[in-house]
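Next come two complexes, and both contain chain A; in the first it sits with chain B, in the second with chain C.
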Partner chain A sequence: MVFIRRYGTLIGFVAILVFFSVMLPATFPTARNWLNITQQTSMLMVVAAGMTVVMVMGDFDLSVGSAASLAGIVAALMMAAGQPIWAAVSIALAVGLLGGAFNGAMVSLVGILPFIATLATMTMFSGLAFVVSGGKTISGRAIPEDFGNFARGGIPLGDWGGVAVSLPNLSIIAILVILVVWILLEQTTFGRRLYAMGGNMEAAHLSGIAVKRLRLIAFSLTGLAAAAGGLMYASRVASANPVQGSGLMLNAIAAVFLGTTMSRHGEPRILATVVGVIVLGVLDNGLTQLSVDSYIRQVLVGALILVAVGAGSLGQKRR
Partner chain B sequence: MASPVPLLSATSVTKAYAGIPALSGASLVVAPGEIHALMGENGAGKSTLIKILAGVVAPDTAHIAIDGAPVTIESTKAAYRLGLRFIHQEFNVVPTLSVAENIFMGRRYPRRASILVDWVELNRQAQRALDRLGIDHIDPRQNLGELGLGDQMLVRISAALLDDAKLYVMDEPTAALTADESQRLFRVLREIRASGSSVLYVSHRLDEVMALCDKATVLRDGRSIDSGALANITHDDLVALMIGRKVEEAYPKAVAEPRDTTVFAATNLATLGLKPTSFSLRAGEVLGIAGLSGSGQGELIRAIFGDFRVTSGTMSLDNAPYAPASPAAAWQSGVAYVPRERRAEGLVMRRPIYQNITLAHLKRQSRAGTWLTPGREKRFAADLGANMRLKAVGPAQDVIELSGGNQQKVVFAKAVAGDPRLLLLEEPTRGVDVGAKFDIYSIIRERTAKGAGVILVSSDLPELIGICDRIAIMRDGTITTIVDAAGLGEDDLVNLCYGRTTGMVA
Partner chain C sequence: MSLNKSTLALAGILLATTALGTGAAFAQAKVAIVTPYMAQPGTQFYVEAFQAVADENDWDVNVIDTAGDVAAVISRIEDLVVQNVDAIVINVDPTQVTAGLQAAKDAGIPVFGMDAGADPLLVTNVTSNGYAMAAETSTYVADRIKGEGNVVMFVFEAFPPVQVRGVVADAVFGNYPDIKVLDRVTPDVSDGGIADSRAKMEAILSANPEPGSIKAVWAAWDQPALGALQAIEDAGRSGEGIVITGIDANPQAREAIAAGGNFEASVAQDFSGIGAATADAVARVLAGEEILQSVTYVPTKLITKANATE
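Showing the complex of A and B:
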């Protein structure tokens, strides 16, 4: 039972891989498809990595999707106004960081429950994105070519069965973000303190941990990651509209929850989140290739989360 | 007056968790009309045995009979129907409901027109239950969360006494009670005995058990070691039975007198719930804090620890001004704290031992204050643990898997890991068995020998007298007097707590 609880998600993941490989032998188990999946999931990967940081403390952030949209809009508007790409990207990231810090302040300094505070900022960021963009999609010549080309570029990995493959730039960013979050959570005192706060906020406070400050920092980092995810998305589609990040929030939370089913005490861990994101990405990729209707896909993904997390909590029950 | 038919007989009780035996053929026989003590160290199997009787845990094997009739207790409902009532150490209450609602939890509320709750009747019956314990300061309509821990326990006890039962099982009922509240409880327990019902009483406070109980069953390593009348056994023999070896003293001797230098002083220190309070503490001294619950003990400690905002007054540590803005600042200055509730305030239960110990010292227990060094942390924790006789698989074991006494040792390890100048302790041995208690007192002695000052808040009067140099009495939010602990009797201390004068003011 304990085995099922810890490794059930991984076993299910392998089963999914085998299933798609059998159904789609020509297109699914190929290097090209896998690199494709890493690119498709890279935005979610970055946002989910940021989500992991706050969920380690037992909090979560509902505003990441609108923060991502807002960051994309801000960058696109600046570029449309003739600002250089680096300035547009920096300002957009700063907007995400500040938005996250605002969430953190509401939660830690004012003391509003994260669910309510980030629900409120979710609608605020979303509204702001509409206001500054006038509700329009910013695309075409307003976006510099270099910005869109970034997402299409990558590092060539050579030939694979006669087909040239490359590691997409977006995947490289995702890998770097995962690495940074891994170091932060697993190798530094900052991460240790966040996990202690997630385990027992009061004991952490009485052990001299600056609980309020760390919470504020953690939310800021989540906001920063959300903005990065939004920029990656804007680059990939070479345009920005005020709702393009809205699907990220639920998927990011789902990925972290899938990951928690693999850890010892059900706590979020970054590498487990990575597996969670890949599970969602592979499902999406495989089902699309099988031409399964996208609404059916939603039903299947939701059911998968219930099964994985449900099996985990049933395994923990003693009676 | 041996009764032929015991009220409760449980024999050959075995239970193993994941192959590790918790009970291996334990037996317990309680006669009608007696107060029976269940004794043993933490981990001896007391809790498991009680949980089996309560229908919470299913035994592997057991022969249980009530009034001579064999029974199986497959659920808590079954235990209730059989006339068994339980008052647990970790009482389950709903703080947002009223006292009366908590008392009636799990029972049918009195009704009006068969569907509406009769609140007047509910409150009246709850009041009657409280009256039985002589409690007049708790309003049944109050929210339970507004009450202190001691009062909450009194409410739980009242609830168990609501209807007549055969056997009342009480696990550490006095842990959160003041001496006076305990006395009232004992009076009720004696009434229960007189009415022919019985009490199974679990406590680590031996004096209490010796004074109150008729018989005792001692468990050790899941077996019943001995059972008999308490009149025929001495305090020391009972301890020896429980831990399987002789102990010479309950409290380790002080190795040195307190020094003449002052380590800590408070001048007119005040915070919300603490009126201006002044005292000083010498290096190597243990200052006890006694008083009725809610007299300002917690506020005093939290003010010194930088957790409650100081509204007036000053403090000094090693003769330098000391004004911590947060617990973090207190730790930084060399002040360490062992909180009252180890599970809720002291430990991160699902984290390893070593991470709990170094949590307050990560700046030093890391490279450049940033990079974790788990190998070094584990060695540090293992050394500290060995010094305290911490029983664990290793420093990486999760705290949740340890017994209460060993969990408390982890809290102490965290507190002393930074060689504190001032050690603040609240109820440091609550729910801790005799063997571990001695180890904890030894830790305190070790710190005072190194010149640290210790402030110890406790409701365990023998402990205060046994381990402290002086005892400060708190009443109505301030220290009213400070007395020498040497030669002090428990009754003197009780009188002082109630503000009756004795001639022993130092």
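Showing the complex of A and C:
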């Protein structure tokens, strides 16, 4: 029974892959399409990896989308003002880190529920993005060509059936971020302590874990990842507007939830989050190729989460 | 048990998508429209008119709305390229989706702009002609004041689509020896443009107190025209016959024009016409024709009291 509950989602994932491969044999299961998918999901991958860190503790961060938008705007404004790309990117990442630390301070030091604290900072970051940009989209010549070209570049992998394929730069960043989060959560005491806090915050505190400090650090990392995701987005569209990251938040939470249905006790695991993100990306990719209405796709994603999580909790109750 | 349930439900979802997605026959031309702005009223007119032409041509049209997400437009274009569709239509600033346009170009798939902005990676961009819109209203003004008198212009040089309108009005008024441009005002648009235009117009009215000393107000878009209207009415000078024109024919402007006051004319873009013309361009390219114009203009329509409520 545990086996079924734990691997039901994975089996479902494989079923989706098989389904699209049968329906779109010439285009879906190709290297080029999969490299596309890794690139298309790279921004969500990074933001969801960051979201996993706080969700391990049983917390949420609703501000990641706004933080991503703000980071993109900050970088774009600095580049428009003639600053070098490295400086713009560093400052934007610092803004994300600070925003995350502010979330952490509100949650751990002041003691506001994460849902409420990050709901408040979500509107604050979004408002700030509007204030500094004047509500405008920063695009065109204001953005250095190199910044936009980064998202279009990659490491050439050679020819595949006559088509040149390459591993996109954005995919490489996503893989690196996943690797770092995996090491952090699965291989360090920091990660084990976060999981302990997720199991029982009070017990973790009593056993001597510096709960407040770790929570602050965890939220900071989530903010940093959100900013990185926002910068990747800005590079991909070679522009920035104050709302462009807003779609990332719900998708990131959805991906982590999909992932939790694959772990032993329903706790978030980074590799499970990766599967969750790929499920969302594959649905977008495959349904577009099948010419399914984009609104139907939204209904399907919601239904999928209910099915996956619902099956998991039914299995749990029966035990 | 739970496995059976979830796989059953999944199978159901997947079967449903099969039924939804693969009804189309294989011989049809596959054309996709990708836009992040489906919720905006203009976009819906474009798309409906496009689909009407597409139905006549028996195309398989896939309309994709990314709900404001511009990066998703790139992703969907990449998917369409992999799917090897016959043509792609976008309704988004092309400079923001260069990555997708490049992928389409590399695959030899033509991409069309539907009021998107000109770009070398597009076959053509179908839009309204800003020069022509300004010509409509500036000649309306010149004709109404019988080619003589003082005109106040509201312009905005910083935004290229509005800047070109001022250029045409300058040329038209300059061609009448007895028309004098009294003032060329650039209003502060940070609050929407109406309030500051009204303040600027109030100052001009005070400086020119004689009835008949201002014959017309030509505005490069509707907001300054509405601000000027308020200033003229509040100054009690609406009886002098000062002619006001705007451009864009937004709902507030149409209301003012229909009311029959000083605000007499504006110009409306033909959104349905842009959609139909885009579909025509796609049809021509699918038939093997080469389109030379990088921009295809669709005629606009002068809005006066006679048709303001249509």
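As a working rule, the second predicted complex is superposed on the first by the 316 of 319 C-alpha atoms of A that agree within 3 Å, B and C clash if a C-alpha of one lies under 4 Å from a C-alpha of the other, contacts with A are read in each partner's own complex, and residues count from 1 in each chain.
To be clear about the criterion, a residue touches a chain if its C-beta (ideal position, glycine included) is under 8 Å from a C-beta of that chain, and two chains touch if they have at least 3 such contacts.
It should be emphasised that the depicted structure is a prediction, and the values quoted were computed from it without experimental measurement.
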For the overlay on chain A, clash or fit between chain B and chain C? fit
Dominant toucher of chain A (residue count), chain B or chain C: C
Looking at A:T30, would you say it contacts chain B, chain C, both, or neither? Reply first, second, both or neither. second
Figure out whether A:A204 sits in contact with chain B (first) or chain C (second), or with both, or with neither. first
Does chain B (first) or chain C (second) touch A:S21, or do both, or does neither? neither
Now for A:T123: first (chain B), second (chain C), both, or neither, which partner does it touch? neither
Geometry of the superposed three-chain model: angle at chain A (Cα centres of chain B and chain C, steps of 10 degrees): 140
After superposition on the shared chain, which partner residues are touched by A:N285: those of chain B (first), chain C (second), both, or neither? second
Quick check: superposed on A, how many Å separate the nearest Cα atoms of chain B and chain C? 16
Residues on chain A in contact with chain B in one complex and with chain C in the other? none
Residue positions on chain C within touch of chain A in the complex are 1-3, 5-7, 9-11, 13-14, 17-18, 20-22, 24, 30, 32, 60, 62-72, 74-76, 78-80, 82-84, 93, 95-99, 102, 190
Counting only contacts in the complex, chain B reaches chain A at residues 305, 307, 326-332, 337, 339, 344-351, 355, 359-360, 362-363, 366, 369-372, 398, 414
Along chain A, where are the residues that touch chain B in the complex? 186-193, 195-196, 199-200, 202-210, 265, 267
Taking the complex as given, what residues does chain A use to touch chain C? 1, 4-5, 8-9, 11-12, 15-16, 19, 23-24, 27, 30, 32-33, 36, 39-40, 43, 134, 137, 139-140, 148, 151-152, 233, 236-239, 241, 243-244, 246-247, 284-285, 287-296, 300, 303-304, 307-308, 310-312, 314-315, 318
